[in-house]
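Naming follows writing order (A, B, C and D), and every chain is counted from residue 1.
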Amino acid sequence: MADTTPIRVAVVGATGYAGAEVVRLLARHPAVQLTAVTSERDSGRRLTEVHPYLGDLGLTLEAASVDAIADKADFAFVALPHGTSTQFVEGLISRGLRVVDLGADFRFDDVSVYSEWYGEHGAPALLGEAVYGLTEHARDAVTGARLVANPGCYPTGALMGLLPLASAIDGPVVVDSKSGTSGAGRAASTAQLFAEVTENVRPYKIASHRHQPEISEKLSARATSRVPVVFSPHLLPVARGLLSTCYVRLDGGIDVGGALADAYAAEPFVRLLEPGAFPEPRNVRGTNMVEIGWTADPSTGLTVVLTAIDNLGKGAGGQAVQNMNRMLGLPETTALEALPALP
Amino acid sequence: MADTTPIRVAVVGATGYAGAEVVRLLARHPAVQLTAVTSERDSGRRLTEVHPYLGDLGLTLEAASVDAIADKADFAFVALPHGTSTQFVEGLISRGLRVVDLGADFRFDDVSVYSEWYGEHGAPALLGEAVYGLTEHARDAVTGARLVANPGCYPTGALMGLLPLASAIDGPVVVDSKSGTSGAGRAASTAQLFAEVTENVRPYKIASHRHQPEISEKLSARATSRVPVVFSPHLLPVARGLLSTCYVRLDGGIDVGGALADAYAAEPFVRLLEPGAFPEPRNVRGTNMVEIGWTADPSTGLTVVLTAIDNLGKGAGGQAVQNMNRMLGLPETTALEALPALP
Amino acid sequence: MADTTPIRVAVVGATGYAGAEVVRLLARHPAVQLTAVTSERDSGRRLTEVHPYLGDLGLTLEAASVDAIADKADFAFVALPHGTSTQFVEGLISRGLRVVDLGADFRFDDVSVYSEWYGEHGAPALLGEAVYGLTEHARDAVTGARLVANPGCYPTGALMGLLPLASAIDGPVVVDSKSGTSGAGRAASTAQLFAEVTENVRPYKIASHRHQPEISEKLSARATSRVPVVFSPHLLPVARGLLSTCYVRLDGGIDVGGALADAYAAEPFVRLLEPGAFPEPRNVRGTNMVEIGWTADPSTGLTVVLTAIDNLGKGAGGQAVQNMNRMLGLPETTALEALPALP
Amino acid sequence: MADTTPIRVAVVGATGYAGAEVVRLLARHPAVQLTAVTSERDSGRRLTEVHPYLGDLGLTLEAASVDAIADKADFAFVALPHGTSTQFVEGLISRGLRVVDLGADFRFDDVSVYSEWYGEHGAPALLGEAVYGLTEHARDAVTGARLVANPGCYPTGALMGLLPLASAIDGPVVVDSKSGTSGAGRAASTAQLFAEVTENVRPYKIASHRHQPEISEKLSARATSRVPVVFSPHLLPVARGLLSTCYVRLDGGIDVGGALADAYAAEPFVRLLEPGAFPEPRNVRGTNMVEIGWTADPSTGLTVVLTAIDNLGKGAGGQAVQNMNRMLGLPETTALEALPALP
């Protein structure tokens, strides 16, 4: 790889938690050169002033501009708030860049579902082309894509556990998720102050979070009929980490352990746990790994499937880089091999 | 109250988290005199050495002995590990004391369920007499009881939310609970070290925790038929606090908000939340309060009921004192009025 | 007390952390009636909507107005940002109210020191009258005061440990303090987000914090000559709690333990620790207590004095109520007896 | 490097926090093959069962034996409790291995100081040969050493900040340190339970911790006369991270910023901060980095020097691997380049 010209990469929205995670991973990526990082709030400042932990990568933050980025980069990660990224992504694609969008704008197959939950869509034409980048379940499509819609953190956690079982799902699914606060972003907020979050767990948007239709749409696409989902997010006093506890009724015939092994035994980013062992976010912290465990409850007939990811890893920046690796024909694990620093 | 002779009270197992919480509450109880506190590990030490935050109550820890306690006390709280408390409680009752047992030994109606989950029962005769002390739902029985079995923390959380709806429950119930670590006790442990618990959430005993049959038995007793329950406990990086997110299918006719208001509108320890607001453990920290919220999910037809308690408050020591207050004919809120110290 | 007319009390700035702590304590105060609570941001909302944990006290937040408060209250706590409280306090005093000001505006004896650190003073005349309310060290003056300046949290912690030794101090004093985040207030902030604070300790304003001159002025007033102080605050991943580790060279003759006992042996809010035991903020959480410990280091000749307070308790709202109790001739411990809810 | 035979390395005490950190780093080290990992408690189990976050490295834990390790490894890290490692290290050295010892047994130049604080020394002959491995300050000696004594975490933090200034130190030094709990190890403990540590900061062994003489000895060796040190450790509710706030009187002539820059400007693992910026442990979490900041306090004439390290990184496993890299003639940063996963 040493003698190839590095790919020039831009990160749009580089100071938020998801964008900074992409920067962190790319800073040690052997085939990539970071050529542009943007931030509206901090444009003009050196990146190292805002995020000293990244060291001095020699980068200065600039305001986001399609033209400026198109001049400097072949590939872009876009980590902008929902809605604002649509036209930005369209501009970059039209200028010939390939893009991983970390926002929600290109995740839905059904534009009417998008509109219902997010408002009118700014670039419906691109929606058809965008690939939903849950990598293990969309590998070939990702490889050739110009535009990958990086899945939401909650859908990633739920779908990694449930998709291999989708064809056997019978009835509604309960997804009860517990997330670290970095999923809510780095904007100033009273509700996210340390003193408001510590020693608490906060349910929010129960049965009304935008990731509910995302999970349902993707699960239904693999099931024999539409799968209704009730999704309950909870905010933990944790910076990074996402655990999803999913309750599902399955057709009697399915071999759960076998189905999960068929789907994931060879996957480098999936750790299937022995029966009776359950996943924990700390075991995947800072990485692109997914831990999956499950058990059956005879008294109710329900199967409980649990997954743990890092919401900024497999749930955002890690999977974004995994998708880029595929899109560029690089080994999928490049720059994603580090082990979590525990405890 | 000032001119009444105070009730002499013993706390057996006073240095564990639940026992110490009872001591904390009784130390400011106007009608009670703490006359004995026991600890096997720390007997002979002054309580204030082990727990300086309680101040100096003038008490020295002693090894637990039925005779010694019966000489000094009229009423006892027993906070011993499951199994070891059975004969101890039996001894105290036979010596004429009234008892609140914070362990599991007297919680079940069906001794065969107890045996299946805990082993052979040491005092099955008393089992019939013991009152399951979920106070709001057993007020009259508690009043006259000699022996009250204080409910488990998880069952308290789940049942306070579900019992008012029990008659309308149709099908299995999912109880997904998130608890602070103090529920696991104060014994030395590697798994409970700060460095093992922080920045994580740990599912454990999914569908196999002993509180699952306790919830199911009590819920079934109020329902039209047996209610199967799948119960999933999760350990939070939180010292105190317990949130339960319950998923249940209800008969179409029920008015959920009305049923909850009927049950609790006049209750001093229940705070019913407006639709769209959800309970948080921090709001009840250090108190005997229960917060309850709910929502209906049209897509699945499930109702989500959420409750927040302090696992050492309403989930243990607070409810124990509430039960004592009733048993002694005192106002139920005595010594339980303090507001949480937030943030 | 039951047949006395309750004192009508207002809390100006009732939704910030310090103001809300005063409200929490007054809500259970037997001689006080809360008649007004103000908030600029939330005026018009019921207090219970903003802070459900306080229960429903029947109070609606209003914008702060001298006239409105003077009509409704005999006594006021003012918890406004530094600078903005000056004229407000002056107005209330001139209308005959007695006031505890929780801000910095009336803490300094030397207006030139105030000006150097905070800017021009808006009511220098009142500065001479205001009593610096470190209660144990200003009891008589507080009793008769119209205006008490509640000490800063850091100065409270440092001075409670050092004042009894002040006459023996020889040379500069090091005060290294570690504080919970609630000391920084409840305003939205990126730096105070949970994800920015957890798993970290953050030094800030080392040797340049406004509490450095406050500590130095008060310490010097009791010493034989001016005592220079270097003060280093550190932000902990803790909501409440303040530990100060103070390093001081003392004249050889002093009996440290004796001097502390002379000052505090009879004090209800001070817990002097045995040699070799050190204070911990958790032991005083939610209370008005101060824990004090110390040791001598033979190798350097320095004495280390450590104190733990709750920055919102003795460091703000607790001491404010303690001062009010004295000003009103009530027992000093009224409404301040609760024990901390540990763990 | 690809065509060299990998160095066979053993980690003795591989399941404790420091040992596991060495394993984590070596697992991604391109020039090393892990051939033996030991644990007394878990011998016979696969390492991945005990620490699933490390993935499956194909290693089974064995009981520690000099012979077994000498057969399998050329190099060993010894992370055993103080005292027990002495003879173990001696045995490995005599069998021709090179060793980094993470314990205290070989850190002191003066065996009488060791004896006073730790008890009789089991291998005083080796003490003379051992190199105190604060790498940046002992680079040449480390390169040729057979035995490197890895510095304690607290001394590493303090000395990295103070050694460049040692020649100008005038009078006693105050080192006030704040550490994560992983420094206390992974053994079961009540004092280290999550519920005992959260929402607190705990001073311990003030002026009596064994790292006090270690700091003093190393500092004195670079100073013009013996430097007395008072050292105060504090336990934070943090898993990893160590901040040291040091107070020192310096000869007037010294240029502090210049002295630090002279020492560290070219160092890959040191980040010198601009004046007014202060180090934070989060910025170095999971890495071998040291952040250093400082300020001068005119009022006392003291200089405050602050350093942040990861107590398991530069404070233990990271520096151990840095030392191994030097001993083996590898680039010093090998396997130590990862950036911290923030937030």
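One rule holds for everything that comes next: contacts are C-beta pairs under 8 Å (C-beta built on N, C-alpha and C of every residue); 3 or more make two chains touch, one makes a residue touch a chain.
All of these numbers come straight from a predicted model, not from anything done at the bench.
If you tally contacting C-beta pairs, which pair wins, A-D or A-B?
A-B
Can you name the chain that lies farthest from chain B, using the mean of each chain's Cα atoms as its centre?
Comparing chain centres, D lies farthest from chain B.
Please work out the Cα centroid separation of chain B and chain D, and write it as a whole number of Å.
Computed value for the inter-centroid distance: 45 Å.
At what distance in angstrom does the C-alpha mean of chain D lie from that of chain A?
About 36 Å separates the centre of chain A from that of chain D.
Could you tell me the distance, in whole angstrom, between the mean C-alpha positions of chain A and chain B?
It comes to 39 Å between the two C-alpha centres.
When you check chain A against every other chain, which residues touch at least two of them?
In chain A, residues 17, 180, 182, 193, 195-196, 198-199, 237-240, 282, 285, 343 touch at least two other chains, as defined above.
Taking the complex as given, what residues does chain A use to touch chain D?
Contact set of chain A toward chain D: 17, 20-21, 24, 27-28, 51-55, 182, 198-199, 239-240, 271, 273, 282-286, 291, 310, 312-313, 337-343.
Quick check on the complex: what are the chain C residues that touch chain D?
Answer in residue numbers: 172-174, 176, 178, 180, 193, 195-196, 198-204, 206-208, 212, 216, 228-230, 232, 234, 236-241, 243, 245, 247, 278-282, 285, 293, 295-297, 299-302, 304, 306, 343.
Show me the residue ranges of chain B that touch chain D in the complex, using the header's touch definition.
17, 180-182, 186-190, 192-199, 237-240
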